[in-house]
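Following this line, the structures themselves.
One chain, chain A, links the two complexes that follow: it is found with chain B in the first and with chain C in the second.
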Partner chain A sequence: MTLSEKIINRINNIPTLPTIYETLSNALNDPKVSNQKIAQIISSDQSSAFKVLKVANSPFFGFRGGVDTISQAIMYLGTTEIRNIVFSLSIMKMFSKEKKIAGLSPIELWAHSIGVGILTRSIGKVIAEPKVENYFLAGILHDIGKILLLQFAHEEYNEVIEYAEKNNCLILQAEQQIFGFDHSRIGYLLAEKWRLPQVLKDVILYHSTGISNDSSRNIVAAVHIADISARVLKFGFAGDNLIPEPNIKVWEQINLPQSFFTTNYDKFIDDYNQTVQTILVD
Partner chain B sequence: MNSINSEVLHSIFRFTAIDLKSKSIDQIVSDGLKLFCELASCNYSALFLFDKNTFELNFYSISNFEFVGELNSTFEKFTDEGIISKAIVEGEIVEEMVVKNKIESFFSIIPLNVPNGMIGIVIIKKNSSLLQQENLLFYLNGFSINFALLLDLSLTNIAKEISSKSNSSSIVNEFERVNFDYEFLAAVLNSTSSGIILIDKQTTQIIFGNEYALNLLAVNSKKIIGTKITDYFLIHTSIASSNKPETFDGLIHKDDGTLIPVLMKESSFRYENKTILIYSFVDNSELKRYESELQKAHFLLEQRVEVRTEQLLDSNSRLVQEIKNRENAEAQLLKFMWVVEQNPIGILILETNGQIRYANKKYGEIVGETSDKILGHFPQFFNLAILNISKDNFESKVSKGEFWKSEILNTRKGGEEFWMSLYIAPIADTRGVIINYFVLIEEITEKKQVLDELVNAKLNAEQSNKFKSYLLANMSHEFRTPLISILGYAQILENEVEDDEHREMIDVIKQGGNRLLKTLDGMLQLSDIEARKISMKPEKINFEQIVDHIADKYLDQIQEKGIELKLNVKFDEIFFYSDLELLQVCLFHIFDNAIKFTNSGIIALGAENISEDGVKKVDITVSDTGIGIEEEKLSHILSAFHQGDEGLTRNYEGAGLGLTISNRIVELLDGKLKIFSRQNEGTKITIELPIIPAAFQQKLV
Partner chain C sequence: MGKTIHIDSLQIGMVLAEPVKNKFNQVLCSGNLTIEDKHIKLFKTWGIQSISVTETDTANSDSEAVINEDFSGLKKFFSWEPRNEAEIDLFKMAQKRYNDLNIWDAKK
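Our next item is the complex of A and B:
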């Protein structure tokens, strides 16, 4: 068994999709389901319901302290966004935050993902995407492969980090060098197993190039730009200190306003700080 | 250079902070060198100070005076080899290995640099090891930073003074001041209950962390120097760089994955050409936890409020509905009460003992009592004994839930008697136990009177009708007998008289007599029929025989008038039972009329068996092309003494009894007589008869 096979085999034993996400998704598939019912499902776990509320109240989602109950949160943000927040939180809860290796801790990686989520959603809003509910979740999930490797190939991943540091290369390249595959592949396997929507699978698989097919074109491009921006803004730590050049085609496709980063700089940092606090601190 | 041991730096601070009052300057320096020795685990360390006047390095002190000799020879050797000057010129630490008697020993020549220039060197002898090698770097840095930050240039002066070894008291004073500054600063930084980290803005490396910071970050003091703030803080700190002096939330992440929220503040100061960033922070986790608990409590409360609100809304809507229902019921009740109160029938509700619990207005009127004499009193009629005497036993009726009714003669208050109808029904509870009686009372005195009169009137009418029939039957005979004599003698006279004029007169008498006789016969027949004197004999009708009789009787007349007689009968298909004689009489009357009112054309007789709605019947039709009957007269043509053409201008004789008699006969025979007619076009009379008349059915069986 090769190293990569071993790792993939290990990853096959990963936990199943958080039940609350499945329950929520099933409930939401019923067109007649009431917001009250959804609120009930979320509220069944009070501590996570409270956290959902905290996130909904964070300035990033635009309701600074104005949301008091889950039903209100659903009313303001919509069921899909709320479901995605629930999902994001439950995934982060699933994986250990303790397994720190050489220079990378899960916490820093999650912080990076939160940063990417914030930037992706902000980009989505600017490029006039009508449905940005999936954009934050896309940012949260884009590096899920790294989280998995950190968790299930702990020893081997140490090598990857060291290799990246020594050779001053992207962690993606180091993964390919050492494993023969990279985190996007592993993340995709998980997404398949969890039967996530196609757009999210595409985000996980294609965020490093930024190029995807029509249905997920914008979201993948947004994550690609957000990923690089998060590195520039030093949001968390993605495993290496390099800042890859954005795909020029994707950059042109997204066509952000020139002043996008300068005018929003303070807001991004504020949003990032607040959201990291809200999500990561128990 | 990337990891500077803070402990060493610390030690240097401690070295310079030795209490000058209790020790001589020599002692202080000697103590410091000993400390270095310990920390670097070396054989000895020695300090040479630079004399700016002579440009010479002068030995000042050594950690262990045993090695002074060796130091001197080594120093001379290093000087000769240019190693000392190399260290001074390059401003960097120089490592040298000396082999003596095959024993390797290692020396570090450390220049003490301050921004204004050299102040001296430290020479250290040690048995090499990597770790120690590293530590040496710390010395260099430690000395440099220490001197740069705290000793400032004054130390150069001190060094100068020390080198000349003159005016020692002023040196001590100056040294005292400087060390007091540092002592104060270090004491302040370490005693403060907030973390403080100093960062060289240019290199972004941490150059100092106080005790609180080290504790909170769980970092060894050796490790923090040279690391970066992002290694410990998850929160983006550059928020403070955009001129935001206020505190902000920071987040420390430890290696074990725990997170500590802190409240941070960033400030900076310039020292020489460097910018030093100062981050101070305090553990905020306690506060955050309380905040979170508070929010949680708030959330739970809101959640409960929401649930409760829903429940309240729900029960409220139910309450509203109930109120509505009640209002409706009350309105309904009010209506019923009104109906009861205003009812033209007296209504009572009685207790089971007969006491009046409720009485409406009418009851008071009927019995002539005021309401205060009614409620709680017993009504006169309610005497169980009396009630039970009546033909329906009261108790047995009401105990079964049925009503009891009767008519009773009662006495009003003034003594006036009156009749009333009583209707008493039980009111039972849910278990079926009788709890009240419900009584309806109607005054029927007038009704009773009217009814009596009506009965009398009916009796009178029946009487007089009987009398009329009787009179008619008898009177007819009374008329008939003399009329027969008149006609008989007129016949005799006709034969006797020869005079035409007389014969004509007799003819008039005969005609008048015959007409009168016919009318009388008709009246007799009618009265017989109305008095039901005729008894019917059912038999199977031979219609051919009837036609023969009609032909015998009327053929001459018909031919005389030039009218055609048409027969639409298939005799072998006609089958029914009836009274032959009555049917014949009926048909004769119809034919009489048909011939009488038809002057030309056809008289047709038809008969057929038909089946209508499954009932078998026979239709006998007589139609003519005579003068017909006016539409408005058709409806009463069947009454007695009626003829189409009425009044004095009658063109046709006859009292018009024919149709009346025919109609009565058909009724007797269980059939129906129908007339269809149009003036000047003709008349069609249909007799609809059952195959077997109901009255005959039993007789036939």
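Our next item is the complex of A and C:
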């Protein structure tokens, strides 16, 4: 059995989708479900409910301390956004206790992903994307394959990190060299297993090139630019210190306003610091 | 061409004519940078005595100034050059961030 086959076999033991997400998704598919019922599901886990309220009250989501209950949060942010926040929090909780290897820890990776989530959502808002509620979650999930490799191929991933550092290459290239595949494929396997929406599968699979099909074109392009921008801003650590060159075609796709990055710089920093503090610090 | 002034005469809004280096010859700020309060503090921290600023000594905001931005200080962070306005803006954001974090001397 080759190394890649061994790793993929191990990844077949990937945990099931966090229960709360499935329960919430099922409830949201029921047209007759009330907001009270949704609030009740979220509130069934007190610690999650508390964090959801903290996130909903952060300036990044636009409410500075005005949201007191889960029902209010649902009313202000909508059920999809709230479900996505719940899902983001559960995944981070699920994969946050792995050992640190060669200077890379799940916490640093999650901090990078939170940064990408914030920047992706900011890009989504500025390009007037109608379904912007998926944008934060897309950023959170884009590198889920790296988190899985940290957990299921712990020793081999150490070798990947060392290879990337020694050869001054992207972690993606080091993964391809050592494993014969990269984290986007592993992340995609999880997304398939969890039956995540196609748009999120596309983000996980195509974020490094930034190019996807029609239905997910904007969100994949936004994550591509957000990923590079988060590296520029030193938001967390993605596994290597390089800043990849953006795919030139992606700029045409998302067409950002002039001086988008420098104009919003202070907001990016504040949103990142506060959201990392809210989500990753107990 | 710039004119050399004493650090005490440096004012917010002036534009650097050339990169400012510390005694180890490491770039603290690249040229063509508009001076903010934090830059003055940075230079004083490093004991910089004189600074070369552009003759007009005010911030240029026209597109020509943007295109001519000196990103040489960013070479150790980026292996590519900006190709359009969005990427120039991304590089400018990087300069701002690395000034704030004061990581110009970092390995990467």
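Heads up, the rule we're going with is that the second predicted complex is superposed on the first by the 279 of 282 C-alpha atoms of A that agree within 3 Å, B and C clash if a C-alpha of one lies under 4 Å from a C-alpha of the other, contacts with A are read in each partner's own complex, and residues count from 1 in each chain.
As a convention for this text, contacts are C-beta pairs under 8 Å (C-beta built on N, C-alpha and C of every residue); 3 or more make two chains touch, one makes a residue touch a chain.
Note that this is a predicted model, so its numbers are computed, not measured.
Engineer: For A:P106, is the partner it touches chain B (first), chain C (second), both, or none of the two (neither)?
Structural biologist: first
Engineer: Could you tell me if A:I14 is touching chain B, chain C, both of them or neither one (first, second, both, neither)?
Structural biologist: neither
Engineer: May I ask you to decide whether A:L28 touches chain B, chain C, both, or neither, giving the answer as first, second, both or neither?
Structural biologist: A:L28 sits against neither chain B nor chain C.
Engineer: Between chain B and chain C, which one contacts more residues of chain A in the superposed model?
Structural biologist: B
Engineer: Can A:K234 be said to touch chain B (first), chain C (second), both, or neither?
Structural biologist: A:K234 sits against chain B and chain C alike.
Engineer: Tell me which partner A:L242 touches in the superposition: chain B (first), chain C (second), both or neither.
Structural biologist: Second partner only, chain C.
Engineer: Which partner chains sit in contact with A:W251 here, chain B, chain C, both or neither? Use first/second/both/neither.
Structural biologist: second
Engineer: Just to be sure I follow: which residues of chain A are touched by chain B in one complex and then by chain C in the other one?
Structural biologist: In chain A, positions 233-234, 265, 269 sit in both the chain B and chain C interfaces.
Engineer: Can you name the residues of chain B that touch chain A in the complex?
Structural biologist: Listed in rising order, the residues of chain B that touch chain A are 230, 234-236, 238-239, 242, 248-249, 251, 253, 255-257, 259, 261, 288, 292, 295-296, 298-300, 302-303, 306.
Engineer: Provide the residue numbers of chain A that touch chain C in the complex, in ascending order.
Structural biologist: So the residues of chain A in touch with chain C come to 228-229, 232-234, 241-243, 245-246, 248, 251, 256, 258-262, 265, 269.
Engineer: Would you mind writing out the residues of chain A in touch with chain B in their complex?
Structural biologist: 43, 46-47, 49-50, 53-54, 68-71, 96-100, 105-108, 111, 233-237, 265-266, 269-270, 272-274, 276-277, 280-282
Engineer: For a test of understanding, state which residues of chain C touch chain A in their complex under the given definition.
Structural biologist: It comes out as residues 77-80, 83-87, 89-90, 92-94, 96-97, 100-101, 103, 108.
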